[in-house]
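Look at the two complexes coming up: subunit A is in both, with subunit B in one and subunit C in the other.
Take a look at the complex of A and B:
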């Protein structure tokens, strides 16, 4: 969907809750999928315990697989950000690349971009609409 | 006209909490805005429980709209034929939510 400015409209989604304990991550992924299908640009920010959503090799037996859902969304063009500080606190960041001055996480889905709260603010500024899912 | 979308994904723990959550819709309606409540996931239980159902009834009587996810209602064995008739049961609630949320002058509040 294109705004009067000629630019694609952007829907920003923020997830606060970890996957599987409740359905917030499921809802967020489904809303994102519909938005992409309707031609909107989608940006997602994972905050707090929601960062467990981008752990690789998730294998829920009977639940909607959030890792696979995020991968599908990434493949379809969604930009997925994760809170860097939340990831460091939860042990996701195991290597620091001195040359690039960035942290690398070997256990995170590869397309996820780690940003600080400034990145979160930038995402909100770019967005035409914001939806929040879950509680921290 | 400003539009408020209230996306409910869980049940209120108390009468006070229900009143607090819905107060935004009443304020919007009083100011001449449009208010639409979307019930998704556990949120569809607002249409079943006695206490939350009473509060939703007030929203409907005040001119607000309520839409509920059909798949989430069926998943929780809520009989569609016993639903309050003014609640719109929607097959693809997430898709409708996106269409609605991206309309001009719309704000989405989720809980």
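Take a look at the complex of A and C:
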């Protein structure tokens, strides 16, 4: 999707619920995939329990695999952010890299970028459109 | 300046929704985003003043303080009138500075004033 300015439109997608207990994550991933196909620049923010979506080695027997879907989206150019304090609260951050001054999470899909609330606000500022999933 | 509306539809404390929304709301206002919080449905309980936890049983941040901090930073908080009246809540019971609007004006606000709308 290209604006009149010739620049790509940015679509921000905020997910606020964990995968599998409902279909918000599925729906968000499908919207993201379609948006990439339409030419949007897609940014995804995983907030609250939604951070469980980026856990490695998800193996749902019968459900849409959210980990694989996020990987496909990352491969296609979507930027995927995760809330750092949500991840710390839920035990995802196991190591602190003193040299780089960043937390590492060995159980998180490798392309996910952890950011603070400032990163969330930066995404809001960049986004031409924003959709939110999973807050009910 | 980007204009964001955050509609809160859950009461405080039972879920992370309210805390998470006001956390981002305050950060957004302090970083130059225009934010309006709309309290609707069960979310109107977020606007009650005098929320206390004297025994510390809940052990969660004070939602009332979050609302006050958000407004002090420049955020606007609107409460839907019909959601209040249907729950028997009077305007005098609300935190000072909250605006009560009828549902028509709340709807107009959502349709006309928000570049981005987040429902928590």
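Note that the second predicted complex is superposed on the first by the 135 of 136 C-alpha atoms of A that agree within 3 Å, B and C clash if a C-alpha of one lies under 4 Å from a C-alpha of the other, contacts with A are read in each partner's own complex, and residues count from 1 in each chain.
Just so we're on the same page, a contact is a pair of C-beta atoms (placed from the backbone, for glycine too) under 8 Å apart; a residue touches a chain by one contact, two chains touch by 3 or more.
These numbers come from a predicted model, not from an experiment.
In the superposition on chain A, A:114 makes contact with neither subunit B nor subunit C. Of the two partner chains placed by the overlay, only subunit C lies in contact with A:127; subunit B stays clear of it.
Applying the stated contact rule after C-alpha superposition, one finds that A:34 touches subunit B and leaves subunit C untouched.
By the touch criterion stated above, A:92 is placed in contact with neither subunit B nor subunit C.
In the superposition on chain A, A:23 makes contact with subunit B only, while subunit C stays out of contact range. Once the two complexes are overlaid on the shared chain, A:47 sits against subunit C while remaining clear of subunit B. In the superposed model, A:9 makes contact with subunit B only, not with subunit C.
Shared contact residues of subunit A with subunit B and subunit C: 129-130, 132. Subunit B meets subunit A in the complex at residues 7, 9-10, 40-42, 92, 94-95, 97-99, 101-102, 106, 108, 110.
Here subunit C touches subunit A in the complex through residues 2, 4, 9, 16-17, 20, 23-24, 27-28, 31-33, 115-120, going by the rule given at the top. For subunit A in complex with subunit B, the residues that touch the partner chain are 1, 9, 11, 22-24, 26-27, 30-31, 33-35, 37-38, 40, 128-133. Of all residues in subunit A, only 12, 14, 16, 47-49, 117-118, 120-121, 124-125, 127, 129-130, 132, 135-136 touch subunit C in the complex they form.
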